[in-house]
Amino acid sequence: MSPSARSFLLHLGVIAGLFVLCFTLSDYHQGNLARIMVLATYAIGYNVLFGYTGLLSLGHAMFFAAGMYGLGLAMQYGGMSPVPAFAVGILTAAVLSVVVGVLALRTIGVAFMIVTLMFAQSVFLIILYFGTWTRGDEGFVIPQAARQVLGMDLTDPLIRYLAALLLFSSALLITARMMQVRFGRVLIAVRENEERTQMLGYDVFRHKFLAVLISGSISGAAGAAYGLLFGYVGATFASVQYSIFPLLWVLLGGAGTTIGPLVGAVFMFYLIDYSSGFTNAYMLIAGLALVLLVLFARAGIMGEVRRRWAPWLP
Amino acid sequence: MMLLETKLLTKIYGGLTAVEAVDFSLRQGLVHALIGPNGAGKSTFVGMVSGRTPATSGEVWFDGQNISAWPAHKRMRLGMAYTFQITAIYARLSLFENIALAQGMRDQDAALDALGRVGLDERLDQLAGDLSYGHQRLLEFAMGVAQSPRLLILDEPTQGLSESEIAGFNTLIRSLAGETTILLIEHNMDVVMSLADEVTVLQQGRVLSSGTPETVSADPLVQDAYLGRETC
Amino acid sequence: MERGPNQMLPTGRVEMTQKLITSRRSLLKGAAAGGLLTASPLVSRFASAQSSAPIKIGFQQHSTGIGAAYGRWYGRTTDAATKAINDAGGINGRPVEIIAEDDGTDPKRGAEVVEKFANQHGADVAFGTLFSHVVYGSAPAAGEQKIPYFVVSEGHHVASGKLNRYTLQPGITDVKSQVQAMAPYVSENLGKKVTMIFPDFAFGHDHRDFFTAAIAAQGGEVLEHIAIPPTETSFTKYFPKIPRDTEVLYHVMVGPAVLTFVKELGEFFGPSSPEIFGFIDSLEAVDLGSPGLEFLEGTYFWEGNPRYAQPDQTSFDRNFRAAVGVDDNGASVSDPSDVSTYSHMFGCWETLHVIKAGMEAADYQGPQDRQKLIEAVEAMSDMAESDAHPQGPKVFNGKTHQVFGRQYISRVENGKLTRVHSTSVEDTLYPDEVDYTTMAF
Amino acid sequence: MEFGPHLLLATLEGAVGAAVLALTALGLSLVFGVMRVVNVAHGEFYMLGAVVAWFVASAMSAHPAFGFMAAVLIAPAMAGLVAILADRLVLKRLHYDPEATIVATIGILYIMQQTALMTFGPEARPVAPPFNTRIPLPWLEYGENGFNLFYPWGLSTTSYKLFVIAAAAVILVSFALFLSRSRFGLIMRATQLDRETALTFGIPVERVYSLVFGLGAALAAFAAVLIVPIQQAHYLMGADPLLLSFIVVIIGGLGSLRGTVVAALLIGMSDGIISVFFSPTLAKILATLLVALVLVFRPQGLYGKKRA
């Protein structure tokens, strides 16, 4: 069986597994998994840039928040229904990715990281500055009544779970497919050796720019979905901590693997959820996880699995 | 017909003039060697031809088109291939991936064929980084050839190769003769003498002399500056 | 998972500031888990209840993050209230068990914690959130999980109608009623020309909007609004914007840098300063004797609950202090430098007692009676000053889910806060902005 | 308050901010200059300095000046030790790979923050300044009978704030001398210029890195000890100084110490003065965007050398 067929089966298996879990899990874990899938979609978006193209951004919260506020403001003040508002959310994030991409990609390495950090900080402050509409750090609630799509109530746990699954699986399949076609291969080439890729005749800037656009749009979609499915839009989601979370999930799960982001998001969520029972020092645990990861398991969980047992893993 | 021409190509780094007003022309199908002491501006010149290094002034013409303003990747698309002085391959990717990226298509047979030409038809899924230094240089050479370029630029390809590997390299270059034009930066005089149809000598960024290997090596200027006086 | 975070710190060294009273609750948890309940003396008191399973109350606590200082005292007051309720026979004859979860003062984690109470812990109700962005983040989850959610937040969001019928605030008054009640006293006693200094985010904007309107109604006017960004750490550069003809300076800064704000205010004015009226939020958990606060002598503060025991102290206030372990200066009995958040933490005590009253009125047996519980609380109106309501008499508005009560104004006299005025409940009322009772559950 | 006095006051306040910012940013710039790595936990060493200062000051029951004196010595030393430990345990094993260091220092940031919460607690705690007398400032006014001096209401500063400016200036100058005159300064500059060549000269580069990383943290801690009597110690106080240090180091040019000091004055003073005109949040937005654009269009900053 060719590697691409095997990886397609893997992805179908993951999605089918998640679908089955929807009906077997307890309410609590079902609710958690719905949230985790939205956050894993955010991590998938982040992985496109960090895992596959090798660009470390410390500002992805701005794309997540752009998607969230795009949807939130469209529904709250534009009176839009969820589906068009969701499109507005993704569009907002895409436009922001274009602007940031064109500017930030003129820099390399550490400078790129600092530029993304600074852009994200300005987006956070801008959200605070226009507090009259965005309600700043307090944020605002999207009323339960407005969160209906095609007659289905998104606040119903089952429907919310399936919506999150739809979002997650489309992001997973899109990125998995992308990484099989030439465009994805070239992204990996850019990560491995940008200079050599340039001299093989590939327009490196255009590829990196598209990677930022795709990464930003998927992150924005996750932000919009979070606002819609969980009913809250706030500036907290544009703060530095929400730029560090996806880095943590992708690193933990396995950068440059397709299902790494999901594994990382699940692992981190339950690590914090479990440990917050007996200590409120769970951020200490997250910090330790980051240090140990980068010291001993830079490839992350799925990265190690790929290295040791399944080299074909996408 | 001239495949490649440069007119008054110049590169100034701050105060230092690395390459000064070089006029250069390369006939289709020939092997042209570029020699000169270290720091003569060879790599800088080739960098400007390939688009890696932005030229301060002067023009680069390829196949009758003025490509002075073109970015490096567009020049490559036009039919150039470039191998680096310091080996630049995808160490953490397999041999197949390296060749596939060069060929722009994922065809096992074409890859095996390209690798075969340099005697590297080991397992396709072996990591490029695991190859010996010499084999890595051959891989880079194979990636260049795999692009079936009209102009192949080689920056000191035989550096660090063993005698037998150099002999293999020579036969390879001869096998490409006629089909691909080759611009070769080389220090190994035996390789230059045996391969080059034409030679250009650079010194302090200026063309010292140009012509067939024989005329150039007989040229007193070159001997003073570079080859050292014939003592019988 | 049960509360007990501080006892099992990995560092072993007991957290410097952790003065948790080993409360009966952790004994209860141990007992219930180990099946010892039958042998312990508690059993006799609860034997008569239909089911002696404990009533579980999920406590959403800011243990980490920006709200951690409040979180610690909210935790102590919650423990004390639970102990008091259990000592008095629990609710409907059943013991109360607190399940605390840290939400890190973060809206995402807040929503997760509410879902955890509803689905994992099987809590009957959730309660305890203070910071408004966490309330906004968690309220939708409470509405969807259909779990009664009692916030102790002082924010205007419940009464503003933006939340849902499952969210109530019966134990603490909201900022709109507090600010509105201040205007009459300020304009009559301190001055008509006011300059306002407030944090440049939602909490500060509430003060700006409500007080400006209220003082105008009293014939006063606000000369200047000075908004200061939340992360600011030095403030002197803002004070020159205070107009010279200011009669009263109204300030309500919050956050870690607040002590700097108050100190620099003193340094800026030196001997000659206008009347200064502040909200105790600036100095919650801060000792008035701290270096640099000397200039506060003679200035006025809104207090939700007088920190220093007043001469006419009620027995209710005395019992409340004893139960929580707070001395007459509002500091911890065991460490006088550990000052409490006395103007906010009473909200936990009173909210828990409202939950008890509500559950008993609704004859609450289990989650199936949650809607009856909410209706029972919505039916409440007068809450007399009592051990259950040590802060003072209150009126609960079932339609807006918001309680109204007396507000206090104190003056700093030789380093202590002496109450000089207490508003009537009527002063704090304002027209309803929502009627939750018409909404479906 | 009239415009003139207001500007003077804003400048003075800006100077205090700039002084502390210069020291903090100097630490970050030193670490980046010599080691080419970005220390995202730099703000937490600043916080560590303030927290240790509080512990020391509250332990010494004598006159606050003794507590402050002790803190000035102990806090930077403690921060330096923790930094050296972090370098030995973590950064060295990562061979100072830029990206890995960023991730590792983010981890260290959370570890330090959480440990501070568990030991120091969540409150903001004051530290008594050694001395703090209010100094009203005169203002010149051209009245009917020529210039006369008067003391506008509210125009004042304190002796301690002036001390902070002076102390920072002294440290900056002595550091510059240390860098240019002392042997270790020479070694540091050699390592900064070219790591490999420094190795061939027998310079123990690994040990230099540890000491530089420790020195960077100590500078940040020292800045915190200076400012903690004015501002309190709080376990989350490290975030803002980190961002401001980034802004200063980038605009001043990564690795250029002179640029860092000039940029610190520029940013510190402007922060004070801008707030006179714009709304403060707008001022912070402009500053952050400015930094991003400087990096995009002038990567080497004001004074940095153009990267080859």
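Labels for the chains are A, B, C and D, by order of writing; each one numbers its residues from 1.
Note that a contact is a pair of C-beta atoms (placed from the backbone, for glycine too) under 8 Å apart; a residue touches a chain by one contact, two chains touch by 3 or more.
Since this is a predicted model, take the numbers as computed values, not measurements.
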item	value
Selected interface, A-B versus C-D, where C-beta contact pairs are more numerous	C-D
Most central chain, judged by mean C-alpha position against the global CA mean	A
Whole-Å gap between the CA centroids of chain C and chain D	37
Between chain D and chain B, distance of the C-alpha-averaged centres to the nearest whole Å	51
Length of the line joining the C-alpha centres of chain B and chain C, rounded to whole Å	76
Whole-Å gap between the CA centroids of chain A and chain B	44
Sites on chain B at which at least two other chains make contact	none
Touching two or more other chains - residue numbers and ranges from chain A	128, 281, 283-284
Set of chain D residues in contact with two or more other chains	114-115, 117-118, 239, 279, 281, 284
Arrangement of touching chains [line / ring / star / complete / other]	other
Interchain pairs in contact, sorted by label	A-B, A-C, A-D, C-D
Of all residues in chain D, those that touch chain A in their complex	38, 90, 93-94, 98-100, 102-104, 106-115, 117-118, 239, 243, 246-247, 250, 254, 279, 281-282, 284-285, 288-289, 291-293, 295-297, 299
Chain B to chain A touching residues, read off their complex	50, 52, 71-74, 76-77, 82, 84, 88-93, 97, 100-102, 104, 106, 125, 143, 147
Footprint of chain A on chain C - complex, ascending	1-2, 4-5, 8-10, 63-64, 101-102, 104, 106-108, 111-112, 115-116, 118-120, 132-133, 136-137, 139-141, 143-144, 157, 162-164, 200-203, 205, 229-230
Residues of chain D defined as touching chain C within the complex	1, 5-6, 9-10, 13-14, 16-17, 64, 114-115, 117-124, 126, 128-129, 132, 134, 136, 153-156, 158, 230-232, 234, 236-237, 239-240, 272, 275-276, 279-281, 284
Touch list for chain A against partner chain C, complex	26-28, 31-32, 35, 128, 131, 135-142, 144, 155, 157, 230-232, 234, 236-237, 241, 273-274, 276-284
